[in-house]
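What follows is a set of structures to go through.
You will see two complexes here that share chain A, one where it goes with chain B and one where it goes with chain C.
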Partner chain A sequence: MGNWERLVWNQRNVLLDGFLVTLEICAIAFAVAVAAGLGLALLRLYVRPLRWPAIMWIEYCRATPIYVQLMWVNYVWPEILGWPTTFYTAGWVALALQSSGYLAETFRTGIENIGRGQREAAYAVGMSPLLTFRRIILPQVLVTIAPSIVTQFTVIVKSSTLVSVITVQDLMFQSQRLVNVWFEPIEILTATAAIYILFIFAVSAAGKALADRLRLRYGLGT
Partner chain B sequence: MSENLRQMLDLGLFWEYRSILLAGLAFNFYVFAASASAAIVLGFLAALARVNPLRPLRWLGAVHVETFRNAPDYVMLVWVHFVMPLLIGQAIGMRVTFAPFVSAVIALGLVYSGYLAETFRTGMQAVPRGQIEAARACGMGGVLVMRRIILPQAVRMMLPEAMNNFVSLFKATTIVSLITVPDLMYRVQMVTQQEMRPLPLYTGAALTYFVLIWAVAALARAGSERWRRKIWA
Partner chain C sequence: MADPAGAPCVEVVDLHKRFGALEVLRGVSFAVDRGSVVSIIGASGSGKSTLLRCINYLEQPTSGEVRIDGEPIGIERRADGSERRRSMREIGRFRRDLGMVFQQFNLWPHLTVLGNVVEAPIRVRGLPRRQAMELARACLERVQLSEKSSEYPARLSGGQQQRVAIARALAMQPKVMLFDEATSSLDPELTGEVLEVMRGLAVDGTTMIVVTHEMGFAREVSDRVIFLHGGLIEEEGPPAQVFGTPRSERCRQFLAKLLH
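This part shows the complex of A and B:
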């Protein structure tokens, strides 16, 4: 147990710093991905001329591995667009890019599952398209897809381990740095894996509980 | 700006190295084939454990599934490559090292066995209980019921989800370059260091993976849908 104390417990501040960076980059990526996913779904559904570009972009994001996208955003974007300028930005941009494609499809199926009749009824009582979307469609969509959105957050956390490759100092980066200092990987890497597994397990369990509550409250299937 | 754009679209550099890069892509397929086989076997065993009447086995199955399904691929890869050989070495009192390829297959096989076990389990549990009871009443044994009644139906039901799992597994094979398995991404990095032109190389790699995965995913979706419809029609 001496090793565990020396290598893991005494390094808790370093690991905690790393974990906070992981949380931060995942939170940013998640927020951007939800906004971008909704935007892409709306473009695909309601903006005729942008339908095909949106579909292609969504398919591209969904069918490319996250590691490849990370490298692409990190090395290629700065040269064409002059942005992102830091590894940290490149990290969350790549994570958000990947998830925006998945979330766009989630939003789209959610929106399509709401009967046309509701929209027509809202128009008939004089609501504008924007108001209809905000007050009638979006709340119902959010309730049905909330579990999938939580699942997508766990995917972001899993993928976020890769940003350590481009030197973002997240939990994975810090633990590998500790391994390189002490040359004793067993305890450090096992603890790191355990932290990730427990955190992701907790998030999915919370997501499942949320899904059950929503189903009970609104009588919706998932 | 336009010069850069021209460079990015000039995939000639990517084409120039095609034989090296193609050999790298072959490694993606090797890793995929080996870890998919491992994941199918392990996942099936875990799924069987989860539906077993014996409580300790059910628990074991649940622990397996929840551990590996919630583990990030990359963390698992690093753990298997750097920790697992040391643990085995301590246990048998010998120095053990894993070749990168072996680590990649073990890590991805374990992670995706977790996902596949859940897919298998939902497929098996979707078969109505009455059928199983009827088969038992006709005198069929447990193995026979599994082979003749449950599996033929379960496989069809879980096919689309299993296809999704396999597509994810193929995408995950790109990270094996991080423990120096010489796959496509690894070679792209090597060539980039040589040529100092990341633009066409990384764009080429991204496009290659996109076309490949998108086409395979579309085919798999169409194929499994058609097969399902043929059976269930």
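This part shows the complex of A and C:
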């Protein structure tokens, strides 16, 4: 028990700092990914000239391993675009990039699954296509894809452990640093795994509760 | 400029609609006076829904015109005689005046009953919230669903959902109500309550175009009946004539088949 106290409990502030960085970088990446995913889905569905570029971009995001994307954003983008300039930014950009590809497809199927009648009923009372999307389509899509969106957040959390590779000081980074200081991996890494597990379980449970409530309320979805 | 006093409420002029090689409407013309009820009957696939959907431009007619109070929906005719196709936005302005009730109700499941009815008055007509609420409540009263205001559509029976859909259309205070087989997807025991509401509207002087398979209703409520066949008006007249002494052989056959 002494080891746990010495290696984990006494280091709790370091681990907590790391966890907060993880939380922050995942939250930013998630918010950006949701917005970008919706944007990409809309381009793919409704903007003819940009349909193919959007499809290629989405497929690129989905097909590239997160590690490759991280390296690419961190080392290639600054050369070409002059941005991002910090490892931290490169970290959330890479995470957002990959998830935006998946979320774009989630949004697209969600939008396509809303029956034509929903749209027509809106047009029939004089609503414009934009108003129809905002007030009628999007809310229904969000309700039906809420579980997938939450799942995508857990994917981001898991992938985020890789940002430690480019020295972003997240939970994984701090945990490895402790291991390198004490040369005692068992307790520290086990505790780290436990933290991730608990966090992801909590997110999934909250997501499921939310989805159940929405479904109950509107009688939508399966 | 159109003269609303002289022109019929709705005028359909030589309407054609084709889907690829299939010509569904082949030159349909008729007019609906203010306060009158016109029923459209005909076999499945004869183009009834297409005709109704062309009237509010959910389908773009291939050629021909639809006029509301004398003004064409799809094209603007300028004083110098030139013509211009109207944008979606402008067509939306006309659609406010055309209430549509669909066979499948198409209520918005994420909004309450009241939310469904109040949405367009607020967002499209721009009414202040309180005024829109009052209007929506009055419309729900009219279809006798006031007590369901805060329910979500999924909890209502089909008949109740369709009555909400009628209230939603009424809340735009349209010049005309279009009904596309409003009772066809209902269980038989639920059609009565919807027909009752429609009958009430007709009695109140609502201008209505009703696509229906309910011949009893068409006969009793309509001022005029149109029998559509193969994309053309095959028979047209007062219900007593169309149902009693149809001139067209096809119309006679259609009605005879229904009686069996």
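As a working rule, the second predicted complex is superposed on the first by the 221 of 222 C-alpha atoms of A that agree within 3 Å, B and C clash if a C-alpha of one lies under 4 Å from a C-alpha of the other, contacts with A are read in each partner's own complex, and residues count from 1 in each chain.
Just so it is clear, contacts are C-beta pairs under 8 Å (C-beta built on N, C-alpha and C of every residue); 3 or more make two chains touch, one makes a residue touch a chain.
Please read these numbers as outputs of a predicted model, since none were measured by experiment.
On the shared subunit chain A, the superposed partners chain B and chain C are arranged side by side without overlap.
In the overlay built on the shared chain, the residue A:T192 is in contact with chain B alone; chain C does not reach it. In the superposed model, A:Y123 makes contact with chain C only, not with chain B. When the two structures are aligned on the shared chain, A:Y218 is found in touch with chain C, with no touch to chain B. The partner that reaches more residues of chain A, of the two candidates chain B and chain C, is B.
After superposition on chain A, the vertex angle at the CA centre of chain A, spanning the CA centres of chain B and chain C, is 110 degrees to the nearest 10. With both structures placed on the common chain, the touch criterion links A:K158 to chain B but leaves chain C unconnected. Using the contact criterion defined above for the overlaid structures, shared-chain residue A:Q140 touches chain C, although it does not reach chain B. By the touch criterion defined above, A:G2 reaches neither chain B nor chain C. Applying the stated contact rule after C-alpha superposition, one finds that A:L131 touches chain C and leaves chain B untouched. Of the two partner chains placed around the shared chain by superposition, neither chain B nor chain C is touched by A:P49. With chain A used as the common frame, the shortest Cα distance separating chain B from chain C works out to 27 Å. Of all residues in chain C, only 56, 58, 88-89, 92-93, 95-96, 98-100, 102, 104, 106-110, 119-120, 123-124, 152-155, 165, 168-169, 172 touch chain A in the complex they form.
Partner chain C is touched in their complex by these residues of chain A: 115, 117-118, 120-129, 131, 135-136, 139-140, 143, 217-220.
The residues of chain A lying in touch with chain B in their complex are 59-60, 63-69, 71-72, 75-76, 79-80, 154, 157-162, 165, 172, 176, 179, 185-186, 189-190, 192-193, 196-197, 200-201, 204. Taken together, the chain B residues at the contact with chain A in this complex read 1, 4-5, 8, 66-67, 70-76, 78-79, 82-83, 86-87, 171-175, 177-178, 185, 188, 192, 198-199, 202-203, 205-206, 209-210, 213-214, 217.
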